[in-house]
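The same chain A turns up in both complexes below, where it pairs with chain B and then with chain C.
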Partner chain A sequence: MKISVCIKQVPDVSAPITIKDGTLSQDSDRMVLDAYSASAVEEALVLTGAHGGEVEVVLVGPDKAKETIRKALAMGAASGVHIHVEDMSGLDSAAFAEILAAWHKQSSYDAVLTGKQSQDTDAGLTGGMLAWKLDLPYCANAVGLTYEGGKFLVKRQGDTGQEMVELESPCLVTCSNDMNDPRIPSLKGIMQSKKKPVKTVTLDDLGLSLDGVKGGVVKTEGKGFKDVPGREPGKKFEGDPAELVSQLVNLLDNEAKVL
Partner chain B sequence: MAKNSFNTDDACLFESMLGEDDRMIMETARDYAQSRLEPRACEANQDEIFDMNIPKEMGELNLLGVVVPEEYGGIGASYTAYGLIAREIERVDSAYRSFLSVQSSLVMHPINVFGTEEQKRKYLPKLATAELIGCFGLTEPDHGSDPGSMVTTATKTNGGWVLNGAKMWITNSPIADIAIVWAKAKNAGSDDGKIMGFIVERDSDGYSAPTTHNKMSLRASFTGELIFDDVFVPDANVFPTVRGLKGPFTCLNSARYGIVWGSLGAAENCYHRARQYVMERKQFGYPLAANQLIQTKLANMLTDITQMQLLSWRLGNLKDQGQDHPSMTSLAKRNNCGRALDIARVARDMLGGNGITGEYRVIHHVVNLESVNTYEGTYDIHGLILGRDITGIQAFTPRGNDLPAAKPEPVAQTLEATEV
Partner chain C sequence: MSHILVYIAATDGKVKRSSLEVLSHCRKLASENGLKLTAAVLDADPSRYTETLSKYGPDTIFTVKHPVFGNHLNTPVIEALSNIISDSAPRLVAFASTESAKEVMGALSARHQAGALPDVASFTLNGDVVEAERPVMSAKVLSLTSSNSPLVMVSVRSGSYDATEQPGTAAVQEVAFDFDTAGLKNVLKEVLSSAGDKVDLSEAEVVVAAGRGIKDADGVKLVEDLADALGAAIGASRAVTESGLFPATLQIGQTGKVVSPQLYFAVGISGAIQHVAGMANSKVIVAINKDPDAPIFQYATYGLVGDLFKILPLLTEQIRSVKAG
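On to the complex of A and B.
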């Protein structure tokens, strides 16, 4: 079994983050493996651990994102593919899906895993778009994944409950961070990761160009930005409990209309 | 607007100067410390619990003795990486970092540097996985800053040595499988009176390691005594060549280096917690952070922390390049512990009454740092080391105003006064 995991480098959410002109400043020096990507890597490692095979991680990003590939290799992935794009400004989910699709059209796999979204934009679109471009059966927001008789069985978190979905291989699954607790790479893993193969690929190698992707694929345009609105203060009721209950029920029924 | 953004955790971007291996090791240590140690820290401190899974967990991630070469179970990482690990662990609790420092710097390091090939092969791999836990016995009940006056003896006998005496304030001693013990040689020919190092196993007859109770600091790690009552140590467990205070001093210098980074982690955590608190806590209609007094306190903290970061990073570089001197470590240990303690106390003050409770965790760092500022050479003793370097005059022992009754006459030989 070969599982291809699409991973992303994002700013560390626990480091101080600044918003400049409505966009997240990416110049904080602390860049880390996206937590949803980490769950996807972990799940792929568990699957290949149980059924044999290997995990390849694929990342689109600048030169310094190589460190994030190494992190996934240190966790246990066998090899990495670095699709080198130094200037990522202006690229949206559709652009990432286009680039990742071009790579996967020329590589082999039994499944593609991605995070259900990524911590920087939280858009949650690339996985679905990639499945569509690759014409793969697809399931989003997985919280469990097993493999049996050439088929993947996905437990996904739906709006009203959990659903079980069976997908023929090859397929694409986007992973929730509730799926598992990603392993922390040991220091031996970190040292060994230096010796694992990482293939660097350019957009040109994939028959793409940055201008072409920006001009033809990107559909997102920033029109403006607003600060997050502050929360309205709640109402506090004081007095006789019996009166308060009827007052509260009245408000819930007539004003909030939730009863 | 400035072209670049200002990072209020790392004002001069020292982390950007770290190599890739070191950064990745730092991330592993941080992930482990925050996800596994932080959730149990408050209760562990309150109830004096050192979870015996912690050594195993650290061993599985290869966080113990990282500078030891791979062939002996380490990973041959840099001193910078070792420091970064200490910083991440002490961000949670100095007690956990104390465990790690002792295992790495005071037990694995001397075996690696002074041990025979057999000793290295026998002990280091098991210490790296925490299958064995170690401790380090130098300080005695009556000999702290002045260990050269130690009274524990090792008497030469057939096939080995017999140890008698007691050691005190020994981190890990109640749980240790082996102890690195320093004692004065007797009946040893040309080695008579010289300090020698021994690897003592816990099941030796006459060996005991009672726990020290009622500590108000470092409550989440074990501290105890070591008592030797005619304990026989075979020749195979003696460090063959190191003699004098150079032995223990080499170990302490390595451990102090870890403390330089560890105290930085504790200070950073206090600053982060105080910053978050004053942003959220409102009094007189405004967040506390809107007050000038609070803002200058935060500015002082960030300024001190930035200096501590740069000092730690530079010292790590010098160690990695083999250009360090023990007095550099004294300077940095003294500076970083002193400042960390000041930062922790100010942070505690900024948290007001809430800062008294354990849940906010700042007072926890305050009481821990009282120990960290004291052990491995007190703030003042390191001041005397630097003072001697600056002036060429040792001031460890009083001169000109000796007490008439002082017996024996004070000698200038102290641990720190000894050239290495």
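On to the complex of A and C.
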């Protein structure tokens, strides 16, 4: 079994963020493996661990993103594909789906895994777009994945309850971070990752150009950022629990009228 | 005249409130831009929803009837919506941001080469431009994103707009849908429901959400009792779904569900920004936390500083007595 996992390098969203003149500014320029991507890598490693085969990770990004590919290799992926795009400004989900589709059309796999969204943009579009472009059956927001008799069984979190959906191979699955706890690379894994093959691919190799993608595929444009609006400050009470409760129930019943 | 098409999420005989919110907002945008408003409902028996929908003022309701829509699969939904889009050429297609809408929007926008603006907190349509605000970077900031594409798809977070009625005379248009289920490469095997997961949290009018302060099974029981007294759905912060005290399906926040009830109880929840992103649209927020400096108090309409193990039993009792009249 070969599983191709699309991974993304993202800014460390836990670092403080400020907005200066409509653009984002972070004290740290630390870039990390996206947490949803990490869950996809982990799930692929568990599957190939149980059924044999190997995991290949695919990343679209600048030179600096190589360290993120190494991270996935240190977790246990066998090989990496680095689709080199140095300046990613102006690219949207549709652009990444187009680039990833071009790669997968010339590659072989039993399943493609992606994160259900990424930590920086939270868009959640690329997986579905890629599935459409590759004509693959797919499921989004998977919290479980097994393989039996040539088919993948996905447990996905739906609006009410969890849905068990069987997908024919090849297929695409987008992974939730509730799926697993991604392993921390061991020292041995980190040492081995340095010897694992990473293939660098250019847009030209894929029959694409940056201008062509921007002009033909990109349909949305970032216009800047702003702060999340706060809420009107409310009332805060301290004191004896019985009094607190009486005050609250009175307010809910008579002021807010929500009981 | 072109139109704004709203995909209607409905199950078990009830239209989701979040869809009615989107329909109401789109009615305003349609009127501002000289467009018609249409709604599409896909169901084994779609006619049961048209009366409710017509109260919100669409000019046309497209109904697509097929038993396959009961199967929670993305393929038939994409196929049916795609037919309507190809035949009627909408300017904009809007969805409530449900898990099923999130699943189809990428594929559908790729198929129609549409601009896609997912999970927005607000959006406008001004002639050639659709502009949206979306929480990004773990919901710490809003991103302003626009699309000039002639067809744009938008999914809207629950509670972003009010659902307001405006009765009109909607024409119901049945759309023929010939779908061969034998060719499907995806098959629904089973739907698993847990006890707390029967109601769609995103639609609940009252939510009691539990956080780290709940500590253990005794705390869980107190939360369940309060929810029972209120007739509320139970939610949870990431801390307690990860620890296993509550199932992952109940997680509220940027990576979980977005809720917008009339009344939200945050019990023992500190109020990390990722959690707040999932509940800030609630009308009334009650926070109960022993730490007076917990960030959740910045969002609370009413905040109680104190020990939840003492407060909850009293609160449950008093609410039961108020409810009993």
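Heads up, the rule we're going with is that the second predicted complex is superposed on the first by the 215 of 259 C-alpha atoms of A that agree within 3 Å, B and C clash if a C-alpha of one lies under 4 Å from a C-alpha of the other, contacts with A are read in each partner's own complex, and residues count from 1 in each chain.
Keep this in mind: contacts are C-beta pairs under 8 Å (C-beta built on N, C-alpha and C of every residue); 3 or more make two chains touch, one makes a residue touch a chain.
Computed from a prediction, not measured in an experiment: that's the story for all the values here.
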A:Ile190 contacts which: chain B (first), chain C (second), both, neither?
-> first
First (chain B), second (chain C), both or neither: which does A:Gly222 touch?
-> second
Please indicate which partner A:Asp63 is in contact with in the superposed arrangement: first for chain B, second for chain C, both, or neither.
-> neither
Kindly classify A:Ala74 by the partners it touches after superposition: chain B alone (first), chain C alone (second), both, or neither?
-> first
If you stack the two complexes on chain A, which partner ends up touching A:Asp204: first (chain B), second (chain C), both, or neither?
-> neither
Could you tell me if A:Glu86 is touching chain B, chain C, both of them or neither one (first, second, both, neither)?
-> neither
Winner on chain A touched-residue count between chain B and chain C: chain C
Within the complex, which stretch of chain B touches chain A?
-> 1, 4-5, 7-10, 13, 15-16, 20-21, 23-25, 27-28, 31-32, 35, 60-63, 66, 75-77
Please name which positions on chain A make contact with chain B in the complex.
-> 15-16, 18, 20, 25, 27-30, 32, 67, 70-71, 74, 184-188, 190-191, 193-194
In the complex, the residues of chain A that touch chain C are 11, 13-14, 17, 19, 24, 93-94, 97, 119-133, 137-141, 143, 153, 155-168, 171, 176-178, 219-228, 230-231, 233-239, 241-242, 244-246, 248-249, 251-253, 256, 258-259
Per the touch rule above, chain C residues touching chain A in the complex are 9, 11, 72-75, 98-100, 102-111, 113-119, 131, 133-149, 152, 184-194, 197-200, 202, 206, 230, 241, 248-249, 251, 254-255, 262-263, 277, 280, 283-286, 292, 297-307, 310-311, 314-315, 318-319, 322-323
